[in-house]
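Sharing a structure, written as structure tokens. Questions coming.
All chains are identified by letter, namely A, B, C, D and E, in their written order; residue positions are counted from 1 within each chain.
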């Protein structure tokens, strides 16, 4: 699996420099966004406001109101912004550290007054031909959800539209339902990744049957590494969603838990599909190896049989190439055709023998 | 395992399109039934009524009465029908979504007032020569059972007959016993699948001993994939049945739990048999590979031995084919027969040597 | 593992025909006994009666008395007999079904008023050279034990003798102790099977070292299948015995539980020995495969070396077999011996080289 | 793993003959001691008495006193002795049976008034070059410890000395601390075994790098079997010590539990070391197999290359060995050297080609 | 994995000599420090004192005060020093033994009045090119932390600086937070090790693709052994940190537990990364083996094809080298060129055939 270790290490993100005190806010990750973009959606059943602010202080007023406020922050390269927001809302410094250090594994932590949820958004990069992951963190308070992303993405647009259009349950429900909707969108998106992978596996399966090459082997190993990366990103999510559903946080309404159970089911389905894909890829590896060794064996067998048929013939030719004075056969008029006939006979006999033994 | 990923992905069903709000009712699956067929069986210990209605509203009156009502809906391509039924009975929109999205894994959910059970009916498709699965959902209320199927099937006919003829306990018991009977029928049917698979494995075992071919290998891999698919469909059922048996839902009578324990035992037996089949198939793979490599080795050995015997002989012939002026043996009268004799002797000695070494 | 799937499927027994209502009493299994034989042993500390009855109704009086009654029923092909007994004692129809369907996995079920225990008696069939299993069911009431067997066996004779002779604790203790004694006898008998298997493995180990043949491989695979079958039969017993020992059934006296713990220990020992045997057989497979490939490699190496030594020699002979007009060596008087000498020299050099490289 | 099954079966000991009632006292094991030797050490903080008695009845008076009494019984071939002791102290017959049947797996059982502990003492037999196990049983009462061994050993001598010299905590503490000390000694002794095994593995590692032979393979398999045996003997001890430490028996003082936790830590360390050794041995097997196949491949490659270089040369020689009337080259004066030159050229070209391809 | 067993055994440390009473204080480990160095840092929110004492008695006064005292002891070769400190603070002798015996596995023990924590500091030794571990023990009391190291290291310097400069929360918090900070530093340092390993794996991956050699195989096996060693050192830490976080010790403040949860997350991340590295290394082993066997097969195939093409040609040459009197072809004027042409034709036909079969 060339590159697995490297990719996992890179993508799961670097770690805080040893020696710094905990809670030191430093963005660790690739700086992807040009500037920090702060978008606010504030709504309740009746009203809807959407705005984009420049300074983080501009959001503070929203969180005090009884309406549900969704603050979407794209870009994590300005720790000061995150820090000021965190201080205002009373968020633990370690949480802010985890938001900025984008190498967290998916987790859910229940603090007094808010929930902290980290998970991975996965995307299939067509250029690199591999899955890339991005950390998304949520802080879910009584009437606000703050979402942090490294770079702008359009994956949450349908939710924005649903809120705007007042479609579905979302405008009536609280911040917990909004958090659920975000989580649900991410998990739904995993199926898109799985579909792409599924197609890649299918194509590989056909290639494997039609004309396996050493490149097939490399693709198999690449897929295997992809699967390990995927499993690493999705597996802990199971616990996260379960923790939200079964936890005793008062921030999650009873009616939302049923929806979280639905997300849980989908997560299990994603995990099971990944496992099946892994078994499939492992099976393909076995098939590849046995088909390669089969072909090699076939080649060697045929070649060895050709050699084996000719060696006795050459021997006969060698005999009549000897320079003994007295070799009666050499004098015979029909000696030459007879020798040819004998050779032909030997080869026929050997051919039939090999055929009967099913060697040919 | 060619095609495993594809089949699992296809059969486990597609997922709701990302971005749609949860609870959006859309049938996702292959549209198999020509039209939605709604059959009602309504009974208690004394009475029995069987009817087929066109409009879903016609069932509503039945569910109010104290008699047990079984509503069997074949065909899921009209979400409106499902929705109207769900609304009337107060079923959660996510449940209706799961009924329509036929890619669920087997599960049991306990809602207030009703239980929701999903499982897979398996059938052996003789044409495709593979196992196909169909989702069956049950909504079990206090005095009704609603069963949803994608297409009409005759697997529940014996139960219809038993209800009709008042055979057994079924007419005396409630809706929970009816649900049990449906579940029991499904699990019993798994044994039919297992029997078919068992016969296929047996045939393969004989083929393996008699004359293994590359096709044998493909069949082994196909069976392995079949087993993974089967396990994926049956394994979660264990939890489902256990949840029904040990759960604290008041909808399941104590006397029915003993019957559910029986279904649980059968499920375990099905799972164990699948595991044994898997071990068996894995063992067959090992035997195939070692028998193939054995045969190849035998061929190569014999061929190499033939070559090895002739090479020294050819060398002797080569010596007496040299054109040196002074080679006394060439002048001898018995030189030629002597040379032949020497060659014959060499071959005999080698033959004996190889025999003694057990190489031949 | 040729035949594993078939054997497991056959021996674990067929399943009730799909579609029949639960509790339908039909003997499913091979009809082994000529006729149903009903033997009754009735005892307490003072008295002892042994009798054989023709009609099942003749036992009913015994179960009412305060003495311990052991009803031993050999032969399950008359469902009516079982049914009448079951009805009289108030046994659940599903229990009777399980008694008759001899494909159950070992289990223990705690009903009100009685315990139902199923386990497998194993025997080594010398003719088939394989282990065969037979289902034994026990119904343990407050003062009776009913044991069901498919065919008559003499494995319980020592217990009959102990009861008769009043040897040991058995006459003083109740029905629970009798049930323990039956279970203990079965588990003790497993050690006999293990001893036979152990000897077979030992013989195989010696054969493996002395002269491995393809038959060795087949025996290894047969033993592996045997082990899987054995594990499948014994593994669930662990839970059964544990359930009896730790369960809260009032039918099991505290003093008997210590004895059950002893049986539990033995069951663990049986399971551990099976696991060790499995590891042993797997190790033998590895040794077989590597020794076979080692031998093959040795053969190929020696043969290739022979060929390699002769090919250059033949080349030299070929050179002096050329018909050029002007080849000075051919005219030399000592040309021929010199050529032979050169050949001899080449072969010596190569031989030494190969030796030094440790190739020969 | 030649001999594993045999050794495990032999050493783990035979089982009670099927059919005998439980509690039948019969020594099953190799009779190792010449005669039963009964040594008594009786002490408290102030006093110390050491004596050896002939008849078991002579110990009885000691167990009544408030002093701690250690009765060490070497030799188990006289069941009567064990029985009389057991009866006197009210020990359950099954316990006495387990003492005499030396094939128990390590276990701890909590009876009213005493604890019964079984474990394995391991020793490295230099002659057989394998680890042998001996069963040691302890009965721990309120103020006595009875230890049973099959044959005399000097492993407990340091404890005797510590008691005698009043060194450490042992004279102040009760019977539970004495039992701990015995257990601790056994576990400490495992480290000696591990050290011997570690050295053997090291030697093997060096042999593997320097000059692997088929004997190396056998030693690896032997070590693997040794490891399985070791694990089987030590693994259950973990539970035993944990049971003593966390159990609620009033016989174990709170202050002793801290010491038992220490033994527990050591047991875990032993188990972990065994697991690492196993991984190490498995790794060695892989290295052995790949190095062997590497060497074989190297040999075959070189030999095949030699053959491949000479075959075209021989072909050229064959051409000029043809007897055509009109072959102009044969007439040339420099034909022979030219032919030799051509041959030399061909071999040089091939050599360079193979070199460049990194085949040589 | 050459050397694994040896290294694990050596580094995990030797064990107390069997026979010595528990609590005997003897330093077991390599004596690394020249002399025992005792450094004391004593601080509270306002004050800060740093001093180095010669005699252990000089620390005693510090531990009585209400300030937080950190006693750092480098060098364990003077048991007396440790003993006097332990006695003064009422530390259990077994704890002191564990401090001195540097082969402990990471563990946490909760004693009355203090916590005892053992873990491994890992360092990458550039000279030996392997990871070396050192045991660090902490005794955490209400207002003191005592840390024991075998030799002086500078890993804790940043913490000393943070305390000195009053940076962060550390000066305000108690001894528990200091213990957390030490633990956090160690775990942070693991990431440095992982980074070094990650780079080594990357380099190996590139080497594997570019030009795999037998040395590559050895490096893979070395890395695998490294990984096993690492896992063995880090895995138990998970339980240690969890025990501290979830334990009910009053010594750990509620606010510190959140920080410990952070360390726990990091530990999980370290463990997961190790697991991914292991999978990666195992994958590399597979790739290495299949690429080596691929290359070998390619070589053998090409060589065999060369031989196979020349063998029939040589046979033709052999025919016309026969000395029959009457071979008309030999007399033909164009016989020689015709023979050459036939040979050329044969080789062309074979070449095309092999090409079409994709053998070449």
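Convention: a residue touches a chain if its C-beta (ideal position, glycine included) is under 8 Å from a C-beta of that chain, and two chains touch if they have at least 3 such contacts.
All figures in this text were calculated on a predicted structure; none of them were measured in a lab.
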Exercise for review: Spell out the chains that contact chain B while also contacting chain D.
Suggested key: C
Practice item. State, to the nearest whole Å, the distance from the C-alpha centre of chain B to the C-alpha centre of chain C. Key: 27
Review point. Just curious, how far off is chain C from chain A if you go by their C-alpha centres, in Å?
Key: 43
Check your understanding: Residues of chain E touching 2+ other chains?
Key -> 300, 304, 307, 311, 314, 318, 321-323, 327
Exercise for review: Indicate which of the five shapes (line, ring, star, complete, other) describes how the chains touch one another.
Suggested key: ring
Check your understanding: What order results when the ring of chains is traversed from chain A, passing next through chain B?
Key -> A, B, C, D, E
Point to revise | Interfacial residue positions of chain E with respect to chain D in the complex | key: 1-6, 8-9, 12, 15-16, 18-24, 92, 94, 97-98, 103-105, 107, 109, 214, 217, 221, 224-225, 228, 232, 289, 292, 296, 299-300, 303-304, 306-307, 310-311, 313-314, 317-318, 320-323, 327, 329-336, 339-340
Revision key, fill the gap. Touching chain B in the complex, chain A uses residues 158, 162, 167-170, 181, 184-185, 188-189, 191-192, 194-195, 198, 201-202, 205, 208-209, 258-259, 261-262, 265-266, 268-269, 272-273, 276-277, 279-280, 283-284, 286-287, 290, 294, 297, 300-301, 304-305, 307-308, 311-312, 314-315, 318-319, 321-327, 357, 359
